[in-house]
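Read the structure below first, then the notes.
To keep things simple, chains are lettered A, B, C, D and E as they appear, and every chain counts its residues starting from 1.
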Amino acid sequence: MNLEVFKVFAESNIWSALWVEIALVLLALGLLVLELVLPANAKRTIPSVAIAGQIILLVLASIQLIQMPDDCSGMYFSQMILQTPQSAIMRIFFLLGGIFVSYLGTVYLARRELPKMEFFHIVLVVTAAFMILVQSHHFVVFFVALETLTIGFYVLVAYCRTSSASLEAGLKFLILGGFSSAMLLFGIVLLYGVAGNPLLPGYSTDSMNFSNLATFITQNPTNPLVLGGAVLVLVGMAFKIGVVPFQIWVPDVYQGAPTPVTAFLAVCSKAAGFIVIINLLNGPFLGLSDVFIPLLAVVAGLTILFGNIAPLSQRNVKRVMGLSGVAHAGYLLAGVVAILCGSAIAHGAIIFYLFTYLLGSFAVFAVMAHVSQKEDEIQEIDHYENFAKHNPFLALALVCGLGSLAGIPPLAGFIGKLILFIAIFKAGLYTLLGIAILGVVISIYYYFGWIREAFFHIYAIGERGTTDDREQLVDVLKPTPMHALAIGVLVTGILVLGFYQGGLIDRLFYML
Amino acid sequence: MVVGRNPVNGAMFMILSLVGVAGLFVLLNAFFLAVLQILVYAGAVMVLFLFIVMLLDVDVVSKRSPGNLTIAAGTVSVFLLGLGFVALLDRPQMLPEPTLLAPERLPSLETPMAFVTGIQAYGYSLFTKYMLPFQMTGLLLLVAMIGIIVLSKRFENKSV
Amino acid sequence: MDAYYSSFIYLAVFVPLITGLMLLPMNTSAVNTTRSIALVGFVVPCIVSIWFAFGFYTSSASGEVYQALSSVDLGLEGLLGISLRFGLNGVSMPMFLLAGIVGLASGLYAIATAAHRLNLYLALLLIMLSGLMGTFASTDIFFFYFFHELALIPTFIMIGIWGGQGRRTAAMEMAVYLTLGAMISLVGLIMLYAQAPAIKTFNLIELKKYFQATGGATVLADNTFAMLLFGFGILVSLWPFHSWAPRGYAAAPSSAAMLHAGVLKKFGLYGLIQIAAPLLPIAGSQWIEVLIWLALGNIVVIGFITMAQRDLKLMVGYSSVMHMGYIFLGIATLSVAGMGGAILLMFAHGLSAALMFMLSTSVYRRTHSYDLNEMGGLGQQAPLLAGFFIAATMANIGLPGFANFWGEFTIFIALWNQYPWVVVPAATGVIISAVYGLRAVANIFFGEVSQSLKDYSKEHPITDIRLGERVPAIILLVALLAVGLYPKWMGDKLESALLKDYAKPQAVAPANVHVN
Amino acid sequence: MDWTKVFLSILLLPLVAALVNMLFLRRNGTTAALVSITAAFFSMVLAMIALFKCTERYSVSFPWLSLGDFQASMGIYYNPMTATMLFVVTFVGFLIHVFSVGYMSDDPAKGRFFTGLSIFMFSMLGIVLADNLIMMFVFWELVGFSSYMLIAHYWNTEEARSACKKAFIMNRIGDFGMLLGIAWTYWHYKTVNLQALEVFSSQPGFVIHGGIALLLICGFIGKSAQFPLHTWLPDAMAGPTPVSALIHAATMVAAGIYFLCRIFCILDAQTLEVIVWLGSGMVVYAGICAFAQTDIKKILAYSTLSQLGYMAAAVGLGFPGLALFHTTTHAFFKALLFLGSGSVIHACHHEQDIFKMGGLFKKMPLTTALFAIGTIALCGVMFTSGYFSKDAIIEVAYFKNTPVFILLILGAFLTAGYMGRLFYVAFLGSPKSQNSEHAHESGFFMLVSLVVLAGMSLIGGYTQGWAPFARQLVSGELDTVHHQIVSLQAEGLFSVLGILPWAIGFAIALLFYGIGAKKDALQNHLPSVYSFVNQKLWFDEIYGFYVRNVQQRFADILNFCDVVLVGGLLVRGTAGLVGVVGMMARSLHVGNIHIYVYWFLAGLIIYWSFAMGYF
Amino acid sequence: MTLHSVILVAGILFITGFLGVLLRRNTLIVLMSVELMLNAVNLAFVGFSRYNNTMDGAVFVFFIITVAAAEVAVGLAILVALFRRRQTVMLDTINQLKD
């Protein structure tokens, strides 16, 4: 037998293309080693090592991104990995996410008697998996990356094993996640089978490759197996990003999960899901746009409404964040529909929105991590009473974060929404835009209600009011200088991106 | 296994169906996968299940039968899912039957990724074309392992 | 020269912002430092605006020409045609000046208060001021909106923290309602942008050129105007979208109410005059009838409602809603005279509303009550306050000599040319506002000292208006009188600017015929 | 001589005085008085110079605001009317200033008072000089404001509190019509310039628009307190007496008449008819009402209403010159009467009830004499100023409109009646209260102005002595009247009518009330008549009812609707509805995985159906 | 044995697993049902792989089996930990997190 044929495959395995991911994994493995070799009193440096390593990687990846020519894209690993400017940008995104989750982890773990190093290890691996997921161009890599991060998330959600809420959330996430993985897989198998069928036009021998699949689907758009497979894949992804009606698990899991994990889920998992959906819908499923545009438009509208209406009477802040995350998924999905409708700027708008969402969410979650008590899952809005009086700095971060999420100028979230809405408008999705606007207005109620709780109890200048000088309900962890630095970076990012978008916009819109 | 009440019985039936699937694999000339199926699923996974079932003490499991509403919902679901599934296959021209070729044992030069029966072929593809996912699987297992340790190991309050 | 000038606009817009941000981390106890920093933030924009206005109104250039034009790309120019563009013409200059003056007055008033956490209070006020200066200096319709929001947000927070009774609900209602209005108008602005695909810019000057060249009559134009009209309408408390305003103002701390009711609310009107009407004249004329009916609702319905108020601050709030009706009517004429009157009235109302809000707080400080029926005879103890209050009331009801008169009068005259029947109900507002305004004056200051005031003053001796209240009041009054006594200095540039946007109708015979 | 500068100085001097007083002299009343008086004096001097030296019509105009097709200007239009009124306003005004120094000597708020007086002078002079309707409207409103401030001078009293409000609002109602009229004028005649209007109206083919005229005279009705807006004037007596004199006698109410004369060229026949009936009706109505008043100033107030009726009737009959003639003489004697009454009130320690006075002729003989001069001038006794002006109007009515003529004669009779009552009760007899017991003659400042005014009241009617330019105003019309009377051969009748009404009036008053009565005879003998008269045709009640029960109720109902329907149901209702939906959405999260799996199933089915095109 | 019959069997297995997740209250059996669904997918993969004559499907099955095993392991670990706290494996009672 002649093994030469397999050399062709092996030669395209250019590992250096994945240097960031590999470095992350090595860092993760390094943590394991450090845990073993370091003396007990030096182990506290492990989180710092993880964060510092990621920061170094962030810097390196940014340099690479800046120096990257505009039209660079390449296929590696037998066309299983497609590297585009988008993937380079998303690397930055996930690295940022990883850094902030690690930072939140240090805050969270400081109060709890839980294993520490493992958290950072899993976060690093999951971050790497995110990066590979958004670069995947083949269902096998796609699935393995997806499962790697999903299993990582099962563990992370249930990480607080002393809390039954965390475990319950983990179990729910696991069952529903496994269930949706099965559906996703069934979709993949249908697509694989039908696209590889040698009797159908446009078939290919490597039918799980996205390019081949795209060729096939454009030639067989009405094949029920194609439709069924695509729908099932979409359902699997819909679960990941939490759009109606697959949003139903979101608040439960977000509530039970440790706060850093909630942030990780809300930001990075959602972002990865959206990039994947864009990759799929804009790639293999492009031939099905006629079917998916109305479907996704309806789903997006419902998601926006649900995500904004459900948290109105919600008092648990983690559930509020979860549901508001559903609303943001709705806006983003509307942006995805805009891409399908041919809006040129929608793609960049979504990624820009994701960045603003990252900054805003992490600012809020950072505050939540500081406020969170022994029982992480019961963090009520009432805990924020008198918050601003006792923690002005955290309160500022809270306001900036919530304001950015609500899309209030001059914060980053507003610019994100603006570009997204312009994209939606230009795509001609007027009804969807109307719903989105309505959603934004409704969202003011709960975001502002939270701010109100934090701020409005405290002072009065004697115009009819009385000074309300109550003590705070809960004990808030004071930020250390490093924590303050991280929060400061987030707040600065929110403010700066609200005023000046120069560099990021250039990268986003001229490279994609 | 779906209708039975006892989880041990359920697990037994599960093993049965897994073995059945392995049989089908054999019929489809995927001998290596059939073996893998038996070893990993029936051998490892199901043993784990049974172990946990025993560990968690079957007695606790309630003997209540599902309510009428549940049964009705189940019927409707089966009906709807069946309907959807039938819709997938009701137009045979959309999934024509390919001519079934007798598989080679080893991959050929012209069609390296054609279906073959030999175990080596799996090795070749895993270490060349599917090198990356294969490596990632290792990572996945590592994460799962660490996760299980995190969830199960009794930690003393000293680390980090 | 423009670059040199425009750098001063940046000064006016960003000095308050920077000083505001500087105040945030200040120590609460360092009151004097706080006050001096804040003073800089309040004084600089005022000086710049007055200096600009002086240069502008004494120059020989036509009012339509934008002065001090500048543009800075903040990242969105290539993508969406959004840049930070500043410039002032005859229409925006009065508003810019208004923002500077009212900003200084409210700032001085705030500096003199003993609010808890004064640094935060002043910081929010400064951020608000920065937004206001930016809104009216922007020639980019995106930044026009952006700065408006920048000013709007601190309002909610200030109401929420330092407001009076019902502040929590009021702040919430205002936040949600005004966000609705703002979002609708944002969509309107986006629609404008989308209708000029050839130029792809948010630059107002370019858009004007484009729309005037193409006529702006696309399918979307009608809806666009409606969006802008109702979006702005909510922000300006067009009847029946007004219910946030009185309650919000009643709860707002005085300086915030001054800036919001005085200046920020003019955003929507300014938007209609500067953006919506000139860009979409045909669509505009289709919505005029609706606008007129709603504006009459503002004048007559709200006028009567104002009469029914027994709470001073609610009354002032409603009255400020009522006066928006005149401005809307002026806009509805779509003529130079009507728009000019509207701008004049906006300028004047900005000052007089601010003055009213300020003085009603001053009244409260002395009586500890807003209930008109419980008050009486305050004039004996505080004659100067009474004088200022009467002046403010008179300005509010459009007494000649105050700028309000010229605005209202011009609007009535302009309106008569097109809709004479509308002037009749509209002018009843003149009587209505006199009725409630004078009743308030009479109830608060005239007559014998009421029992509750007697009781209160036993423990809290009543003093007359202090320096910290007097100076802002004088600033506002002087500005009102400066335009009220001789409106021509502002009117000429205004006219030439508006003539550019609104085609000139046939001139009537000159008003002054020399026969001797 | 640069007349522009002269007229501007006349106009602006009081303003400067007011500003100086307001800004610097609030606490220094005496200096403030000095400043105001100086300004008034120089205004008067300049007005006199103009009266004698400026013998041509003069106009000048400055553009004030130009916005598209709206053009407003400020300007001066000087004609005989202006000359006369300038003199009257500055002259009487100056005397009132002088009087005030004495009258207000113990008032703590003297600074404010003189500021008000100066602003009032400024506004009034603005009306007089105005060359266009817009400028006139500007000063018209300012006059209303300054009268408001002056009436409110004693602001801690309840009367002042409601009176000032009432005065301003009544004036505003009139101004409302005037405003509409001006807007209509602007677009209909394409100009609001008075001189241009005069020129246009003299051109052939010019048609006067009746609607405009009717709207414009609303301003007159409000300012001159004509039916139905007359109720503010008696109430306005709550202000200090010099103010009453200034408002009633010299200026404010006369402004209405002056305004009518200025726009006479665009008043059509029907409008003039309306004015005639308004005026003559007021003559009788106010005359009757005066009988029920016991307050000396209110009696004079009603008398003013009545006299304004004469002037209005004169305008309505087509003789604006005569109306201004009567305005002039009326300014002198009514100012005299008011200042005289002020002197009395001052002497009696602010006692205003005539039935509590009495016997003043002994305590203050000079004042009594001067008051008597005022009374006879008002009643039109031979050879006083009132005789000439009033008789001329009655003569016009005689040959123009008989019913009006009868009303005017009746009015003259009533005037004598109530003035006789006032004089007999208050000045003659013996003191009826402590206050009048201790009355004393007034000081120098007050008397000096009384004396001057008394002189003018006696001789002001001799138009032969007027400056030639001002005389143009009346001479032509007087000649016409004279010719008509001669042609009708009614000189005899009028030599009788010149005496009869006042003679009978004085006589009946003397018989009915007697000297120094302690009680109101009408009230004693004919209580039903008295109470009827005292009700003044229930105008105050009707207005009060309207304000309380109609307007306020309506406002309350609207407020209720606003709070409950718009603010509550519409806005908060929507918010509440969304909130309820939110609670429902919240309750969907039951926490049970099975239910969630059903959601997934439903989602799968929905997506699948969508993809298959079942939806 | 035809391709259709293989797919039909896989479909039936998948629906059975689906039903198990829908109906069973015991978490262990629900987890097994998920495994069953994955197995159905495996069967379909092998079927397609065989009939389409491509190896990729068969290799994919290898990954699926690995993933399924890892998932089960983690799931059971969580379940055991949860059982230690709650003394139950019934899904109906695992609903502390709601509303």
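Quick notes on this one:
Following the convention adopted for this analysis, a residue touches a chain if its C-beta (ideal position, glycine included) is under 8 Å from a C-beta of that chain, and two chains touch if they have at least 3 such contacts.
This structure is a prediction, so every number in the text was calculated from the model and none was measured.
The chains that touch both subunit B and subunit E are A, D.
Within the contact network of the assembly, the step distance from subunit C to subunit E comes to 2. Using the mean of the Cα atoms as each chain's centre, the chain most removed from subunit D is B.
Every chain gets a centre from its CA atoms, and the centre nearest the mean of all protein CA atoms is that of C. Chain pairs A-E and C-D differ in how many C-beta pairs they share in contact, with the greater number at C-D.
One finds 42 Å separating the Cα centroids of subunit A and subunit C. Centre-to-centre spacing of subunit D and subunit E amounts to 96 Å, using the average Cα coordinate of each chain.
Look at where the CA atoms of subunit A average out and do the same for subunit B: the two points lie 29 Å apart. Averaged Cα coordinates give subunit A a centre that lies 77 Å from the centre of subunit D. The residues of subunit E that reach two or more other chains are 3, 7, 14, 18, 21-23, 25, 30-31, 47, 51-54, 56, 59, 63, 67, 70-71, 74, 78-79, 81, 91, 94, 96-99, listed in rising order. Annotation for subunit A: residues 140, 143-144, 147, 151, 154-155, 158, 161, 172, 175, 179, 183, 190, 193, 197-198, 205-206, 224, 228, 252, 319, 442, 445 touch two or more other chains. For subunit B, residues that reach two or more other chains under the stated contact definition are 73, 77, 81, 84, 87-89, 95, 97-98, 107, 111, 113-114, 125, 130, 133, 137, 140, 144, 147-148, 151. Here the touching chains pair up as A-B, A-C, A-D, A-E, B-D, B-E, C-D, D-E.
Subunit A makes touch with subunit E in their complex at residues 139-140, 143-144, 147, 151, 154-155, 158, 161, 164-165, 167-172, 174-175, 178-179, 181-183, 185-186, 188-190, 192-193, 196-198, 203, 205-208, 252-253, 255-256, 319, 377. On the subunit C side of its complex with subunit D, the touching residues are 173, 176-177, 240, 242-244, 247, 301-302, 304-309, 335-337, 339-341, 344, 377, 379-380, 383, 386, 390, 394, 399-401, 405-406, 409-410, 412-417, 420, 423-424, 427-428, 430-431, 434-435, 438-439, 441-442, 445-449, 486-488, 491-492, 494-495, 498-499, 502, 504-516. Of all the residues in subunit D, the ones that touch subunit A in their complex are 575, 578-579, 581-583, 585-586, 588-589, 591, 593, 595-597, 599-600, 602-604, 606-608, 610-613. Considering their complex, residues 1-4, 6-9, 11, 13-16, 18-20, 22-26, 28-29, 31-33, 35-36, 39, 42-43, 46-47, 49-56, 58-59, 61-63, 65-74, 76-81, 83, 87-90 of subunit E touch subunit B. For subunit E in complex with subunit D, the touching residues are 18, 21-23, 25, 30, 91-92, 94-99.
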